[in-house]
Amino acid sequence: MKARISLLLGSLSAALIAFALASPRVVAADKVDPVADAKAFQNFFFQKFPTVKHEDFVNGPYSVNEDMKRQWKEKEEFPPYEFALDAGKEMFSTPFKNGKTYADCFPNGGIGIRQDYPYFDTREGKVVTLELALNRCREANGEAPYSYVKDEMASLTAYMAFTSRGKPMNIKIPDDPRALEAFENGKRYFYSRRGQMNFSCASCHVQSPGERIRAETLAPALGILNAMPIYRSEWAGMGTTSRRFVTCNSQTRAVPLEPQADEYRDVEYFLSYVANGLPISGPGARP
Amino acid sequence: MSTTMSAAMKRTLAISMLLVASFALSPARAATEADYKAAYATADAAAKEAAGLRNQWTVTVTALAAAKKAADGGDFDRATAAANEAEALARASIFQAYSEKEAWKAMEIR
Amino acid sequence: MNATTLPHPTRRLILQGAISVALIGLGNLPFGTAHAAANDKYPEEAFRQKSEADAIKALYGKTAEPSDKIKLDAPEIAENGGVVPISVTTTLDKVTSISFFVAENPSALAASYRIPDGTIPAVANRLKMAKSSNVVAIIEADGKLYSATREVKVTVGGCGG
Amino acid sequence: MASSIRVRATNNGDVTEVQALIQHPMDTGLVKAPNGELIPAHFIQELKFECNGKDVFVANWGTAISKDPYVKFSFKGARKGDEIKISWTDNKGGSDTTTAKIA
């Protein structure tokens, strides 16, 4: 019985791999051109939703669904992330045991800089996200790092995002082949199907934004991280970018990677870069 | 441009689903502990390969756990079936990882 | 059960306490001992009722008739069952109480507001809904009860996991 | 620690609009914790707003009120600078109170 199964398996995958290789879509590895990618990416959504103002894309599902926009406007009068914002402000000014504060770790004291994150660290040769920089600041000052998916990290990033509200996303790709590779790696992750559901981020956020998966309306991929961190009614709590990536993975039945894994840092780098110019709108309230 | 490709993708998904379903039905004489151990070993190896490709499926992990749980309970029929299912799922996720190395370009906004 | 000892218990209150305790023993309230919600006692009994009709009777002791002078605002599809923004406003006057009921919730009564005079008869709040259900707003105006109903669809989000 | 009650009261002419957001879990008692046990019911039962010595709004809440509850109402007869006292009590005897000036 065992032999029969592996024979069946072998022949099946051989046939399919042959088909995949012969398919017309196999192209030579083309040159990585982030500027062109960003332009194409933005134009795709501007044409798909001609009536949506460009800066509105940062409001996720609310930019493409009127009934939900009304519910959102009502919530924004007194948003549920108010507590996280106050907690973040308080934490930001509370000195560490060694007397230093987060302001000492960040340019401009950490105020109004969220739009520059994530950035490519040429010394480390990797993408550094705001959440990673916050934990590195804590560790450099002898404090224990926070969980990437829990409230403390969300409160800190909520306050830093709030101080950048309205500023256009401003992600830079230095002239460094490793930076281009990180951008390409992020793009590849964004478009690759995974999990038993066989979905990629693009299956939902490029092919069917504005449509519903049960109660949830899918947000367009353009500007999808501009509102991070978000208070989600679904979680009845705050969610960092890391928590969003981890939960999205498990919804497609893919085992999530560890928060701040290279793939997550690169896909955040890709998604933020293609949203350059669109305003920061965090912290956000979402379904 | 992308429509032909996604039809092909749908076919590969359908085939892998059919493959998984066929395992549940295959009639077998009562599986012994040895059968279970062999099935579990190959399933575990396939799952490790999938994890190495950073493309593990949650259902593979649950199927492996179900196999171990059934085996602990002495039900080697169910344990072996679950282990075989885990192997099939792991193989499907491995196949997905390899095919996506190129297939993702079809969906890319250009 | 609600044996909060009052500083100087009057005979009527003791009697009333005894009656409600006796009736609880019977399991249901054959006749409403509750009085208008206008008093400030927490309507424990009404919050325990499963069905909307029993909850209204326990809270107000009378039945309501629909009125088009009530504007009940509720989403057609709830963004999320845990946070459903519901608001009501009315042109009825002498309003003394506004309450919200979610028929399909484990217990129907969600909230009951006392509206002293001088307060505008309108309330906005965020409710939890177990599943798709009718949401009913009841307004007590000049001693009579009026109602408005909206259906709100609720389902989980996401694609599975 | 800051109060659990956030209030915004704005007056234009005769009508004062009051919004309140309260930090509270509002557990229904019907939800299972990750370890499988039921999280006991823990919810605000009464929320009272007083202004110039008079109750202007009293809320009696059950288990169907959202986590971090929000409520909005308006009332007449107050002026800018008047003070509103807000207090709540929950089914476990917990409570909190705060005051807010009408802007």
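Chains: A, B, C and D, in written order; residue numbering restarts at 1 for each.
In this text, contacts are C-beta pairs under 8 Å (C-beta built on N, C-alpha and C of every residue); 3 or more make two chains touch, one makes a residue touch a chain.
Remember, predicted model here, so these are calculated numbers, not experimental data.
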Result of counting contacting C-beta pairs for A-D and A-C, higher pair: A-C
Chain centre separation (chain B, chain D; CA means) in Å: 52
Centre distance in Å when chain A and chain C are each reduced to the mean of their C-alpha atoms: 42
Computed distance of Cα centres, chain D from chain A, in Å: 35
Contacts with two or more other chains, residues of chain C listed in rising order: 82-83, 87, 124, 161
Multi-chain contact residues (two or more partners), chain D: 67, 70, 72
Of all residues in chain B, the ones touching two or more other chains: 58
Touch-based graph of the chains, sorted into line, ring, star, complete or other: other
Touch list for chain C against partner chain A, complex: 75-83, 85, 87, 124, 154-161
Residue numbers on chain C that touch chain D, as the complex places them: 37, 40, 42-43, 47, 82-84, 87, 102, 105-107, 109-116, 118-120, 122-129
Chain D-touching residues of chain A, taken from the complex the two chains share: 77-78, 80, 82-83, 86, 90, 236
List of chain B residues in touch with chain A within their complex: 4-5, 8-9, 12-13, 15, 19, 23, 26, 28, 38-39, 51, 54-59, 61, 84, 88-89, 91-93, 95-96, 98-100, 102-110
For the chain D and chain A complex, residues of the former touching the latter: 2, 6, 8, 19-21, 23, 67-68, 70, 72
